[in-house]
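Please find one structure pasted underneath; my questions will follow.
We call the chains A, B, C and D, going by the order they appear; numbering starts again at 1 in every chain.
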Amino acid sequence: MRLLIDRRGKKYLLREDVEEFHTSLGVVKLRDARPGEKLRSHLGHEFYLLEPGVVDYYDRLPRAGSIVMKKEIGPILAYTGIGSGSRVVEAGTGTGALAIYLANVVGEEGRVYTYEMREDHLEVAKRNFALAGMEDRIEAKLADVRQGIEERDVDAVIFDMPDPWNAMQHAYNALRHGGFVVAYNPYIEQIRRAYLAMQEADFKDTRVIEVLEREIEVKKVGTRPRTRMLGHTGYLAFGRKY
Amino acid sequence: MRLLIDRRGKKYLLREDVEEFHTSLGVVKLRDARPGEKLRSHLGHEFYLLEPGVVDYYDRLPRAGSIVMKKEIGPILAYTGIGSGSRVVEAGTGTGALAIYLANVVGEEGRVYTYEMREDHLEVAKRNFALAGMEDRIEAKLADVRQGIEERDVDAVIFDMPDPWNAMQHAYNALRHGGFVVAYNPYIEQIRRAYLAMQEADFKDTRVIEVLEREIEVKKVGTRPRTRMLGHTGYLAFGRKY
Amino acid sequence: MRLLIDRRGKKYLLREDVEEFHTSLGVVKLRDARPGEKLRSHLGHEFYLLEPGVVDYYDRLPRAGSIVMKKEIGPILAYTGIGSGSRVVEAGTGTGALAIYLANVVGEEGRVYTYEMREDHLEVAKRNFALAGMEDRIEAKLADVRQGIEERDVDAVIFDMPDPWNAMQHAYNALRHGGFVVAYNPYIEQIRRAYLAMQEADFKDTRVIEVLEREIEVKKVGTRPRTRMLGHTGYLAFGRKY
Amino acid sequence: MRLLIDRRGKKYLLREDVEEFHTSLGVVKLRDARPGEKLRSHLGHEFYLLEPGVVDYYDRLPRAGSIVMKKEIGPILAYTGIGSGSRVVEAGTGTGALAIYLANVVGEEGRVYTYEMREDHLEVAKRNFALAGMEDRIEAKLADVRQGIEERDVDAVIFDMPDPWNAMQHAYNALRHGGFVVAYNPYIEQIRRAYLAMQEADFKDTRVIEVLEREIEVKKVGTRPRTRMLGHTGYLAFGRKY
């Protein structure tokens, strides 16, 4: 894939074989263009061509339902220590955005096992995995994680589903000693229940956090937090298997 | 290294060759113990033995000065898309905590180049890299990043230093097209200056954020954010080279 | 004035002499209606009639420019201890919304002196004072507070203006011992300068705060902070004359 | 009462008849001193003498249990429009800190009715009311507000008690049309129940908020939010009788 960006910052994710792209700022010829190049449309407007990264796939790939925000992906990565070579279970897949992020981190030596009950969502996700070039690192499973997790000795299990408590014991069984479980839920009642289920399943170091991100405006006249902000997406509960 | 945890959650990072460990809860024999095992001290108290991960090295390794918090490491990872195989420049090294986190993500195929001006800090950091088993992935450089960055086509440059604006053009030169620059600073005046320097150096998608993390208490009587919280650590400024 | 509220919660501030009011939910006859009554439009829709309070005047009166939010009026009241009988200086008047709030608290025994340089704003404000029935408690002055404050021994001076530092010494002179000065500004650079000017003018107990208000959604499915929130309005600096 | 302040900002609330006060900075003679004066201890240290205001009574009076913070008193005042002449019911009294704040605002023409079940708390509160000179405006009642509220047509009812839902209908009956009810509770489960009880009792404009206050440090080297902050005190639920 290639990432085309116009002078207003608008981004387009394009397949390698697109030779000509039509925008409101004119037609851009892409045939021999290489990432890092500045291009010009036939109307004379400047365009940038980049090799897309995981942040671009996250932003631009087709979606099916809501996805975990980057502001939550950050703490999931930082507090579990998922890294190159990690093996991670995730449920549910949804659009596959989180799985792509995880796959980018675990690399070719690692593996992401993603569970999804809805076939239509899984189809979208699988196409996205292929577009992002991550299909070799991700095992997409049409299965109900509440019925069990097949993998063993994984480094992390991440739940982005309404009732993680129904799969908490499976997470415990799937994890290696020292591995982490994470639950992401928008409602306080859900995260409470997820947290209590973690304790029930004998997870240690259990805690619940909420992450707020404020954007700061740097203007000539002065500096200030932005007037509008994202007030809430969800809570994160963490636990660790000793 | 091995991680020994007592029943109160207190954690000890121990070398592989430690055969016996003395704690206030008794002596623990470690000679033939393996990660994942439950041990008992001679006083009968239970201990867990784990293989430490990057989160443990972060928490337990000796420090030299303040370090970037995990709550900021999260967004650095999420917004730059650093992953397995990435090549990342970082300055200054400090204790090496961020470098270890980055090394864990970039893996053996990737590389972390960390710049530090103070020899004593770099010595602490290098010992920490070795303890964490990351020394092969990290190139520790005793150098002033404001004098230049030698690497080229790196995926990210991360500044944890008081005056990142003095190295911003070097960051631009070192980055590949599509790569990200990050500055972390505690004061609003610093982050403003870092941000303006990013714009000056022709970085795009520039923005400044602040991340707040609230801990939620789940108690029998009810659920609530914790009374005390960390009010501020620092601001993060991001930019991207097109 | 009277406050008419339809079944969707839409509120209308009406003069006492309005006998009939036309809304999209039908015509409401108000001639003999008294506050506290439920009325019906000719289309059968229910309406409530209330005696408006200061919160309604704040919400419904015509505006000229931006006004101090209730979330900031709260701490201004709480941290200065303005109460019944207090004498308060305020600049600039703007729409008069803050002055009306202050007048409601200081009562007939107190007094609000409000300074405004723009005649058009002061005219809007004065009409609002009359509509809210507060004109006897508020002295609206067409004057530049940076040229001086005439009043002496006042309990509080509140600045809602771009450059409060240019009137800080006047505030000090106008206040009684034990009285408070407040500055409200959106930009961090402004509030810093206001704060330093307070210290320069020998104010004690100086501090700067920012107030964030999160709205919590209580829904059948669960409880959570609202997705969108007001990220920032302004900072408040406080000082006290000893 | 008089307020004595030493050069470090330490404050002492003293009775009028105190003629000499011993501090670690020396003995201060108060016999003929008047508010607004600077005094000197026998060791030569400077002291300020002020007439205390409601903020000082709040800070210095003896406490019995936890009290509503000023950061919550602010929004209670701002969102209910309590002012000079208002009649307000409050339960429970606790230390009386909120009642004193309310009494300061409602003035001599208004009235605060405060309900408390514990005789020992009420005794502390009544002494505090007298010390603050507010005893004429506050009616302190040894009674269980869940058994009923005697007053009628009051402007506001404020609950600072664990189970406000058990008195919500009484609040509705006590309020005038247009009056406000407020519940203050630390746990999300409590505030949810209070909110639902408000809706059950036919209150309109119901909403729940949480207020966060960040302190901003202005130092020579730069400006930043303080490292530590108060993470949570309680939630506020509001409703209005139409």
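To be clear about the criterion, contacts are C-beta pairs under 8 Å (C-beta built on N, C-alpha and C of every residue); 3 or more make two chains touch, one makes a residue touch a chain.
Since this is a predicted model, take the numbers as computed values, not measurements.
The set of chains touching chain B and also touching chain D is empty.
Note on B-D: across the candidates A-B, A-C or C-D, the interface recurring with over half of the contact pairs conserved by residue number is A-C. Centroid to centroid, with C-alpha atoms defining each point, chain A and chain C lie 44 Å apart.
Computed centre separation for the pair chain A/chain B is 21 angstrom, with centres defined by C-alpha atoms. Rounded to a whole number, the gap between the C-alpha centres of chain A and chain D is 47 angstrom.
Residue positions of chain B touching 2 or more other chains, listed in rising order: 188, 210, 214-215, 223, 225. A list of each chain pair in contact follows: A-B, A-C, B-D, C-D.
Taken together, the chain B residues at the contact with chain A in this complex read 3, 5, 9, 35-36, 48, 50-55, 70-71, 73-81, 83-85, 101, 104-110, 155, 176-178, 188, 191-192, 195-196, 204-205, 207-218, 223, 225, 235, 242.
Residue ranges on chain C touching chain A, taken from their complex, read 186-190, 210, 214-215, 221-233.
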